[in-house]
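When the chains are written out, they are named A, B, C and D in that same order, and each has its own residue count from 1.
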Amino acid sequence: MKSIKPLREKKNTAILLIHCPDRQGILATVTEFLNKNNGNIIYLDQYVDRAQKVFYMRAEWELEGFAIPAAKIGEYFDTLIASKLEMNWRLYFSEDIPRMAIFVSKMSHCLFDILSRYTAGEWDVEIPVIVSNHEDMRPVAERFGIEFHYFPVTTENKEEQEAAELELLKQHKIDFIVLARYMQILSKDFVAHYPNKVINIHHSFLPAFAGAKPYHAAHERGVKLIGATSHYVTSDLDAGPIIEQGVTQCSHVDTVKSLIRKGRDLEKIVLSNAVFKHLQRKVLVYKNRTVVFN
Amino acid sequence: MKSIKPLREKKNTAILLIHCPDRQGILATVTEFLNKNNGNIIYLDQYVDRAQKVFYMRAEWELEGFAIPAAKIGEYFDTLIASKLEMNWRLYFSEDIPRMAIFVSKMSHCLFDILSRYTAGEWDVEIPVIVSNHEDMRPVAERFGIEFHYFPVTTENKEEQEAAELELLKQHKIDFIVLARYMQILSKDFVAHYPNKVINIHHSFLPAFAGAKPYHAAHERGVKLIGATSHYVTSDLDAGPIIEQGVTQCSHVDTVKSLIRKGRDLEKIVLSNAVFKHLQRKVLVYKNRTVVFN
Amino acid sequence: MKSIKPLREKKNTAILLIHCPDRQGILATVTEFLNKNNGNIIYLDQYVDRAQKVFYMRAEWELEGFAIPAAKIGEYFDTLIASKLEMNWRLYFSEDIPRMAIFVSKMSHCLFDILSRYTAGEWDVEIPVIVSNHEDMRPVAERFGIEFHYFPVTTENKEEQEAAELELLKQHKIDFIVLARYMQILSKDFVAHYPNKVINIHHSFLPAFAGAKPYHAAHERGVKLIGATSHYVTSDLDAGPIIEQGVTQCSHVDTVKSLIRKGRDLEKIVLSNAVFKHLQRKVLVYKNRTVVFN
Amino acid sequence: MKSIKPLREKKNTAILLIHCPDRQGILATVTEFLNKNNGNIIYLDQYVDRAQKVFYMRAEWELEGFAIPAAKIGEYFDTLIASKLEMNWRLYFSEDIPRMAIFVSKMSHCLFDILSRYTAGEWDVEIPVIVSNHEDMRPVAERFGIEFHYFPVTTENKEEQEAAELELLKQHKIDFIVLARYMQILSKDFVAHYPNKVINIHHSFLPAFAGAKPYHAAHERGVKLIGATSHYVTSDLDAGPIIEQGVTQCSHVDTVKSLIRKGRDLEKIVLSNAVFKHLQRKVLVYKNRTVVFN
C-alpha cells in the first residue's frame, strides 16, 4: 500500500556535493562549469569554514538540456575541475531513489513515524527491509508490507549475525541504514561498511547523558529540558557527527515515565528530520562535524 | 493488532473536575471530603482565576479503600458539597475507557500519528470508527483494522449526511471526536451534540491565518515562524477554546510546499498532545478559554 | 562611557547587496568580478526565489589588495555588471559605522537592552541621539551620555513635530531609526524619508493581534504562546516586512500583567536581533518580504 | 536613579514554603489553618513527588484581616502543624524586600540585564553592592549608583579575600548572591554561608560542557543547539540544583565567536528568569533538585 498520495515533486536533476581546501575562485569555477554546459541551476548553497579553510558546496541542476550526458558528468567534472582543486566530491541523480534499511528493537514510535511518511510518499526512498533483534515489530512490518528479518544477537553470535545482516543488506542493495531506537551496539566492522551511512537517534541532548538510560539520568539530575540527537554512527559510541537536535521543556512534575513519553515525540521528529536531510543530499561530513544545508 | 506493548499504568481511580465561584475554604472542603473517606489522593491540582473569581480543580484518588462506593460518589459529593458551593463538576473513572471517533479527509499525517499511538497502547482510548468525506484513507483504516465510513458531503446532502454520522457515532457510543485535518465544516447542530468534545487541529498560529490556506497566507506575509493550534470546535469557525499551540521556524528559503511539509509535523504533534490532555481529563473550559493542568 | 570592551572584529571590507531578475550565470559573473580583481571573499551567500524568479546575493570581501580603489568600486561594478543585469544593488564599507537614532516612549526594557549592547561595544554603530514623546526616559539617556530630545506629539502639532524630528535626524546624519516601543504612529511622510530604515518591535506574533493592546487581546483569546515581531515600518500599520519573530509559552495561569512581563524579554531580544541583522547588512527587502542571510 | 516606574503590585502578604514527608490530609490541614484564621489565600500551589513520597507547597495570603499577628504566625504554625508533620518550612513577608549582591568579572551582559530590571522596578529587590575580581565593571556600577568593591583573587589571598567579601555582605545584610558571569570559583566555606542562596549562570546546557570554555567545546563537538543553565551553587562545581535552562539554535555557520554572541542573550535571560523565580519564593530545593512553582 505504498504511496497514498506523493508529496514530492518529480524532477530529473543532478546533485553535486563538494568539499575541498578553500582558495579563490572555486565557486566561480564550478558555477561557470555548470553554466557553460547549459546546466539550469535550481539549487546552490555553499559555505566556507574560515577557521579550517574548507570550502563546502551543494549544487543541483536540471539534466534536461545539460550539454554533458549524465553518465559522463562525473568523469568530466573530475578531469576538468575536481582533480585540480583537490576536491572531495560526490555526484547524485534525483532519479536514483536511495534504498534504506530500518533497524529497530521493541519500540514502535520511530518506526511508525518513518513508515507513515514512506506510505504517504513524503520521501524519495525505498524501504525494502526491516531488521530487528526482537520479534515485537514484525506485525508492524507486515502491516506495511515490508520484509522483516529477526536477528537475535548475543555476545557469542554477534559476529555471525552481523555478517548475515550485511549479506541481507547487500542483497537488497541498501544505501544507508536508520537505527529507529535499535538498542544494540553495532561493531566497528559493521559500521565500517557504511561510513556516515548509519543514522542513529539518541534519546538525549548529546553530549549530555550519552550511553544507557538517559531519561533516568536526566530525571536524576533535575534538568528543565530534555533532548534528542540524531547523528551518524561511528566506532565511537554516541560520538558521531550530529545532524539534528531538538529539546522540549520538562519540570519537577515529570516522572521518568513522563519524560520517556515526551521524549518519544522528540525522538521521532528529530530522527525523521535528519533522515530527510540525508535523503536530500544536504548533509556533508568533515572532521566529525556536519554541514547541513537548507 | 491493538496494543503492541501498553505504556500506560493500570490504575483504578476516580477523577473529579470542578469549577465554581471562588470563595474561602473550597480546597479545604474538597480535600477534607476525600481524606475523611479514606481517598488516597494521587493527583491534585487547582487554580484560581483572581480576575474572574473562579476556582478550578482536578483531583484523582484511588477507589480501593475509598469509603464511598463508586456508584454513590457523585450523589454524595453533589449533596454534601457541590450543590452548596454552586459547583460545575464532572466525575470520571479511570476504568471507563473513552471512545473516540476520527474524522479525516485526504491527508494521512495526523491519522497515522494517532493510530500509531493507539496501536502502541500509548493512550487509554478506544477508536472504533473512522469517518471521512473521501475514500483516500480507507486503506489506512483497514490496515489498522478500524471501521471506515465514507460520507461524501455536498451542500445538498450535508444535513442528512451529518444525521447519518451522528447515528453512527451513537451506535458506537462515541464520547468525543478528533478532526485529524478534516476539511469540511461541521454544522452548528452537529457541534451542539458534542460541546467541547470535538477537537480540531488548525494549521496556523491562531488567531493568525484563520480560515483557508493558512500556509499560503503565511508565505505571502513573509512570517519567520509557522504554527499549529488545537482547539475545541464551537459554532464559531477557528474561534473555539485553544488547548495547545506550537510553532516552528521558517525563513525566506521556504516555499509554500516546504511550509506545508514542516507544518505537518507540527500539526500532528500539537493535535496528539491536545488529545492526550483531553484523555487525561486535564482540560477544563470556561468562557471560551481552557485551563490545562499539568 | 562608550565601549567597555569591544567584541567586534575590526575589519576593512566591502559589502555588496544585490537583487535582480534571475538568469543563468549571475553568480559566476559576480564572483568572477571579485576574483579577477583579487578580492578575498570572506562571506558569500545567495538565494534564488524560484517562484518570483529573483536572485539575491550578499558578498563581503577584503579591501586590502583589491585591485579597484574603494571609491571606484561602485562605478566599475555598475558599468561592468549591474546595469547589464538590471541589478538593484547597494555597496557598503565596514569602516562606515552606521548612525542610529532611538525613538522611545515610557518603557525602558528595549532601550536598556540596546544601550547595554552599545556600551559593551557589541555592535558596530553610533547612537548620537534618542527621541521621545515623553520625558520618562531622559534620565536613562543621560546616564548613558546620549543626547535626549523631547517632542510631545498631539494631533495638532504632529506635522511640525515630525518636521523638527527630521531636521534633528538630518543634523545627526542618522542612517536608520529603531522604535524601541515608541507608542506613536509615524506619518506616511515621515516614513517616506526612511524607506526600510525604520525598525519597529510589535508586541505580538504578527499578523495576530496587530494594533493596540495585543497582550490584552492574547489573554482574552486564551492563546498558549505569545510572540513579538520586528519589522520595517511602512505606511501600512504593523504590516511592513518582517525581519524577526519570537514566541514564548504561556498558560491559563498568566494574567495580562504576567504576559506583559514575559513579553518584555521577548520584545527586547527580537528587536535587538533584528537590529543586529540590519547592522550586518544581511537583510534585503523585496515585495514586502525580507531575505535575511545567516 | 532607582525605579523609573515600578511594575510590581504592592501587596502585604505572607508566603509559606513547605516540604515534608507525604501523608494524607496535609493540604487540608494547612488550608484549614489559613481559612479558619481568615487568611485570604491569593496563591496556592502544591506538588507531591510520589516516588520520593515528599509533599511540597507554596501558599501566599493577605496579612490584612488575618487572625494571627505577623510576628506570631511562625510560632503558631510550628506548634500547631509543622512540628507534628515533620515539616521543613520557611515563612516570608512580601514587605521584607530581599537584599541581593551581584558578583561579576569582566562581562557586562548579565550585569546590565539585572540592573536594567532593577532600575525599571521590575523586581522587588534591593541591590546595595556589586563585587568583582576585576575593575572593568566599576563604571557600570557607578552609572547605576551602586557601591562597587574590587577583590582581586589569587590562590594565595583567596581565603582572606573571601573573608573580606563575607564581611562586606554581612554589613549590607545580603540575603542572596547572583553570580553574573563571575569567573572565579567560590570556596566550599564561602558557599556554606549561603546554602541555596548563590545563583550562578553556566554558559552551557548542563550537564553537557561543564567546566571551562563550553562554547569552544560545543563548537568542537558540532552541536546544533547551545544552552545556558542557571543553578544554585554547591560545593560541587556546576552540579548544583538546576533552576532554569534555555537553548537556542546554531549551525555549521556559527564560529566560536558567534556562539559566544548568541549565548550572551541566552545567559542573561535564563539567569534573570531564575533570579525572578527565586525572588518570588517559588523555588524549593530537595535532594539537589528544584521544585519551581508557576
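The definition used in the following text is that a contact is a pair of C-beta atoms (placed from the backbone, for glycine too) under 8 Å apart; a residue touches a chain by one contact, two chains touch by 3 or more.
Here the structure is a predicted model, which is why all the values come from computation and not from measurement.
Engineer: Given that subunit A is a copy of subunit C, what angle of rotation, in degrees and a multiple of 5, matches their CA positions?
Structural biologist: 180
Engineer: What is the chain whose Cα centre is as far as it gets from that of subunit D?
Structural biologist: A
Engineer: Which whole number of Å gives the spacing of the CA centres of subunit B and subunit D?
Structural biologist: Roughly 38 Å separates the two chain centres.
Engineer: Go ahead and note the Å separation of the Cα centroids belonging to subunit A and subunit D.
Structural biologist: The computed centroid separation for subunit A versus subunit D comes out at 42 Å.
Engineer: Of all the residues in subunit C, which ones touch at least 2 other chains?
Structural biologist: 50, 251, 253 - these are the residues of subunit C that touch more than one other chain.
Engineer: Help me check something: in the complex, which residues belonging to subunit C touch subunit A?
Structural biologist: Against subunit A, subunit C makes touches at 24-25, 27-28, 31-32, 35, 40-42, 44, 46, 48, 50, 249.
Engineer: Provide the residue numbers of subunit A that touch subunit D in the complex, in ascending order.
Structural biologist: 47, 49-51, 56, 205-209, 221-225, 227, 241-247, 251-253, 255, 288-292
Engineer: Flag every residue of subunit A that touches subunit B in the complex, lowest number first.
Structural biologist: By the definition above, subunit A touches subunit B via 1, 4-5, 7, 9, 106, 108-109, 112-113, 116, 119-120, 122, 136-137, 139-140, 143-144, 251, 253, 257, 260-261, 264-265, 269, 272-273, 294.
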